[in-house]
Amino acid sequence: MRPIDSIIQEVRSEAPLVRTFWLDKQLDPAPGQYVMVWIRGVDEVPMSFSSPDTITVQSVGSATQALFNLGAGSSIGLRGPFGNGFVLRGKNILLVGGGVGTAPLAFLGEQARGAGIKVTSLVGFCSSQDIIFQDRFEALGGLIITTDDGSVGIKGHVAEGLKEFDLAEFSQIYLCGPEVMMWDIISRTREHAGKIQACISRYFKCATGVCGSCCLDPEGVRVCVEGPVFMADRLIESEFGRYKRGPDGRKGQCRG
Amino acid sequence: MPSLTVHAGGLTLRNPVMLAAGILGTTGASLRRAALAGAGGVVTKSLGSVPRDGHPGPTIVQVDCGLLNAMGLPNPSYKKFQEEIDIARTGGVPVVASIFGSSAEEFAGIARGLDADAFELNLSCPHAEKYGSELGRYPDLVEAVTGAVKAAANAPVWVKLTPNTADIVELGQAAQRGGADAVVAINTLKAMAIDIETGYPILGNRFGGLSGPAIKPVAVRSVYDLALRLDIPVIGVGGVTSWEDAVEMIMAGACAVQVGTALQKGYGIFEEISLGLARYLERKSMTLEDIRGMAGRHY
Amino acid sequence: MPSLTVHAGGLTLRNPVMLAAGILGTTGASLRRAALAGAGGVVTKSLGSVPRDGHPGPTIVQVDCGLLNAMGLPNPSYKKFQEEIDIARTGGVPVVASIFGSSAEEFAGIARGLDADAFELNLSCPHAEKYGSELGRYPDLVEAVTGAVKAAANAPVWVKLTPNTADIVELGQAAQRGGADAVVAINTLKAMAIDIETGYPILGNRFGGLSGPAIKPVAVRSVYDLALRLDIPVIGVGGVTSWEDAVEMIMAGACAVQVGTALQKGYGIFEEISLGLARYLERKSMTLEDIRGMAGRHY
Amino acid sequence: MRPIDSIIQEVRSEAPLVRTFWLDKQLDPAPGQYVMVWIRGVDEVPMSFSSPDTITVQSVGSATQALFNLGAGSSIGLRGPFGNGFVLRGKNILLVGGGVGTAPLAFLGEQARGAGIKVTSLVGFCSSQDIIFQDRFEALGGLIITTDDGSVGIKGHVAEGLKEFDLAEFSQIYLCGPEVMMWDIISRTREHAGKIQACISRYFKCATGVCGSCCLDPEGVRVCVEGPVFMADRLIESEFGRYKRGPDGRKGQCRG
């Protein structure tokens, strides 16, 4: 499909470097699916849905900055929704998110609540000013917040918040955030890896499963079409948490 | 089941259905996966002498019956790629290194620096300045580059040709003169798509290459012309999506085919095509050699 | 409704959607029918100096997203065609005579012998020996033929270019040097299809030309490159099937489009495309000039 | 569509130069529709269906001769069915055919009988030995045969047989045969032209409505897709009966 033209309906600032964009197209995504966002003349980048008709973007480089220059009435191109999305399992779930990675989890949590599932959330941010979607998570059920600087909630990384829960109680655990954070959680909770779904990120170019840019070692799994959501036990056997490839295919660190 | 083994340009392939260059060829793991899924051989992403990020996005547009791409030859450089080739080889089929450069020397340098089962010279990418078809459109440059790599490499050399020319046979003959062990036809057709809401060319690079079913009749014709006029084998690529397409390409004169865009359907495509091919040969009581180049014999 | 009138290569068209050469252009009646159905202008079947039956059948094969044809330039010769042109003209829109020959003199002789609103030089048919792209691939011949017809004809001269080349802009520049009033891009891509039950090339002529949606991205790119580099107008043809395609072609730089293969949907296509174009311009509050070449300005 | 491969199941000689070929493909044609028959290495030519799975061919030139060289087990390529076919109207119809043009009429008559319609036939041939489908037409109902040499039935052209009928009785009249014969009938029965359907022939190249080879003056009607069956009153206003174009587009006589 060619990119669909979409007019931005509204932009809301969630935190200093995070904004939510309302789209005028109903793409009917599942939580965890993503869309390729074309900022014309600049680049095309993957973004998770933060609700059926929004994306929530952190400004980190040229494409995201260019997107921040667009207001309501501006248009962008959209290809998607793509990827597999999260699968709801059981009646009592835990969402574990970090930073802008909380976006697809808020969407998932709302869908779960609508289906009568009990939702608990653990979300972490750098500092109080970086917190996003606090109201959305509060509305879902129990919420624990962590901040690196301790300005709100538990001080420390998200994993610090794990102590508050007995993970055995949850039917499924959903994870999204920076790779180091997800890796931190997964390595501390290996015995639960069979019920953790993590939404991960790799460098996407084609988003259609042909270019090979997003493939995960050692099996060559195409994250863009077979993911971006994977069971943690599958990730444990992969490159995840150890390295990721850049646009040129070279291995690099898996920060960010 | 009839044998699908073929000898193609210095390699022996257990079946004639290969993975095309630039498709899921960035990592050793994805190449090995293609091999394990049934490919008879795999070709890497094209490798240059320095790392390249490739063009800005969109790098791909789906159009009627095909894909437009302008990846821009992203690659980690050949220096970083030997380990990937070594992993790919654990898949058990020949691994062909696709390489590109802006001069005969650059090509030769890369071939010297890599250990692969064969080299495929990308003299045909239509959307990377100074590379690909910018050299590959000139028969004398095709011959020179082929000759230089032949002298440098200790493995068979295949030359991948561009269809963006008035006469692909001239290019094939140049490759043959340069000592190529096979030619591969075709790379993508230079093409573009425009966003009608805004007038923007959709590809980040504005123009790119058209692949998929749309170009199959052009590929079949290229293979047919080349096979009739060259002495070296022709590998057919362009729009192969089904076993019927593979049969058509082989009847045109291809001794093996490569599959690119059809990988959108998943890795299962290799087995699907090989199986269909084997069943077809069985039904017809024919061998691969019987059908190879059949169209040329009906002239 | 916004005006769709365009001035294209010496003609004024009430709308920019023309009938392409060789499509329902064998009789004055069918050309007039296209005009009455809403075409902004019509082009005849290509006319030579002697009658030709064309190639044996099959002359056409439906392939994925397109048609393959090898009609072989059947025509009653230009001498028998003036009466058809006169009938076509009663349709009320400009009638462009497409002509072909094997030399500049033959072209000029035909142009001298016909009274038409413009001439379109077929230097691009890919499947007729001694004609079309066999001349049209060489810039010097394109220039010479154009110059000779310009000197002989008392009407505007358009040159129809082949995409079977490494650089269509070189060919367009040659036409411009020869004095062409416009270039028309593109003719079909050289292609073939093989019957997999028997190995026979399907077309009676073995190979032919690919048209339809499959080639649109190649046509758009050709028009884009030509429009950016030439001073004379470009008429876009290749795969135009909907008003969206017409918009894309105009944004690439075309001042008018021609429709061929899409006539398979019937004569209603002209009104469908014009109406869609007018509604689009109205919605965007833009004129045809505003969108023409928009893609080039986004560079 | 590409040509479909079809194996000839059986060949039956109907008359010295006329043979029927049984095809192994069910193309589900309507009577009056045609198929493009590819005799590989030779040419591709249009043929009407003489039943749902047969064509009946008169040998007149290179392609038809080449077809006659093919026996059961040989294969040909088929594109079709194409064209509009006859439309059944009313409860009492007359079929008027000449030579191999009787082929689609026998097919039509059988379909009509199956639908409970009364069928009468008038068919003409050169001589007794050229008669085809006599049994099929007899099985349909009333049958009048004419032969040019009088060897069977009424002597003279098909039109001679018209005298046997009160055309006003028929709800619809169906015509197929050489153009001069059809024109003869149509000009003698102008007052009934509104209920005569004629299956005509022009030089077909593409059979898909783009090449223009088959167009009828003065309206540019494409016989290959808008025909080959037309109401006679429409034909009266056309070139039909006056000239037809050859493969090069030049006008010629309309014999054959």
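By letter and in written order, the chains are A, B, C and D; residue numbering begins at 1 in each of them.
Note that contacts are C-beta pairs under 8 Å (C-beta built on N, C-alpha and C of every residue); 3 or more make two chains touch, one makes a residue touch a chain.
These numbers come from a predicted model, not from an experiment.
The fewest steps needed to get from chain A to chain D, moving only between touching chains, is 3.
If you average the CA atoms of chain B and of chain D, the two centres end up 51 Å from each other. Per-chain Cα centroids separate chain B from chain C by 33 Å. The mean-CA centres of chain C and chain D are about 36 angstrom from one another, to the nearest whole unit.
For chain D, the set of residues that touch two or more other chains comprises 40-41.
In chain B, the residues that touch at least two other chains are 63, 193, 198, 200, 298. Taken as a contact graph, with one node per protein chain and an edge wherever two chains touch, the assembly forms an open path, each chain linked only to its neighbours along a line. Annotation, chain-chain contacts: A-B, B-C, C-D (touch as defined at the top). Of all residues in chain B, only 22-34, 45, 51-54, 56-63, 67, 69, 71, 74-77, 80, 87, 193, 195, 197-198, 200, 202, 204, 260-261, 263-264, 266 touch chain A in the complex they form. Across the complex, chain D meets chain C through its residues 1-3, 5, 36, 38, 40-45, 63, 75, 77, 79, 205-213, 215-220, 222, 245-250. Within the complex formed with chain B, the residues of chain C that make contact are 63-66, 68, 133, 137, 162, 164-167, 189-194, 196, 198-201, 206-207, 210, 213-218, 220-221, 224, 239, 244, 247-248, 251-252, 280, 291, 294-295, 297-299.
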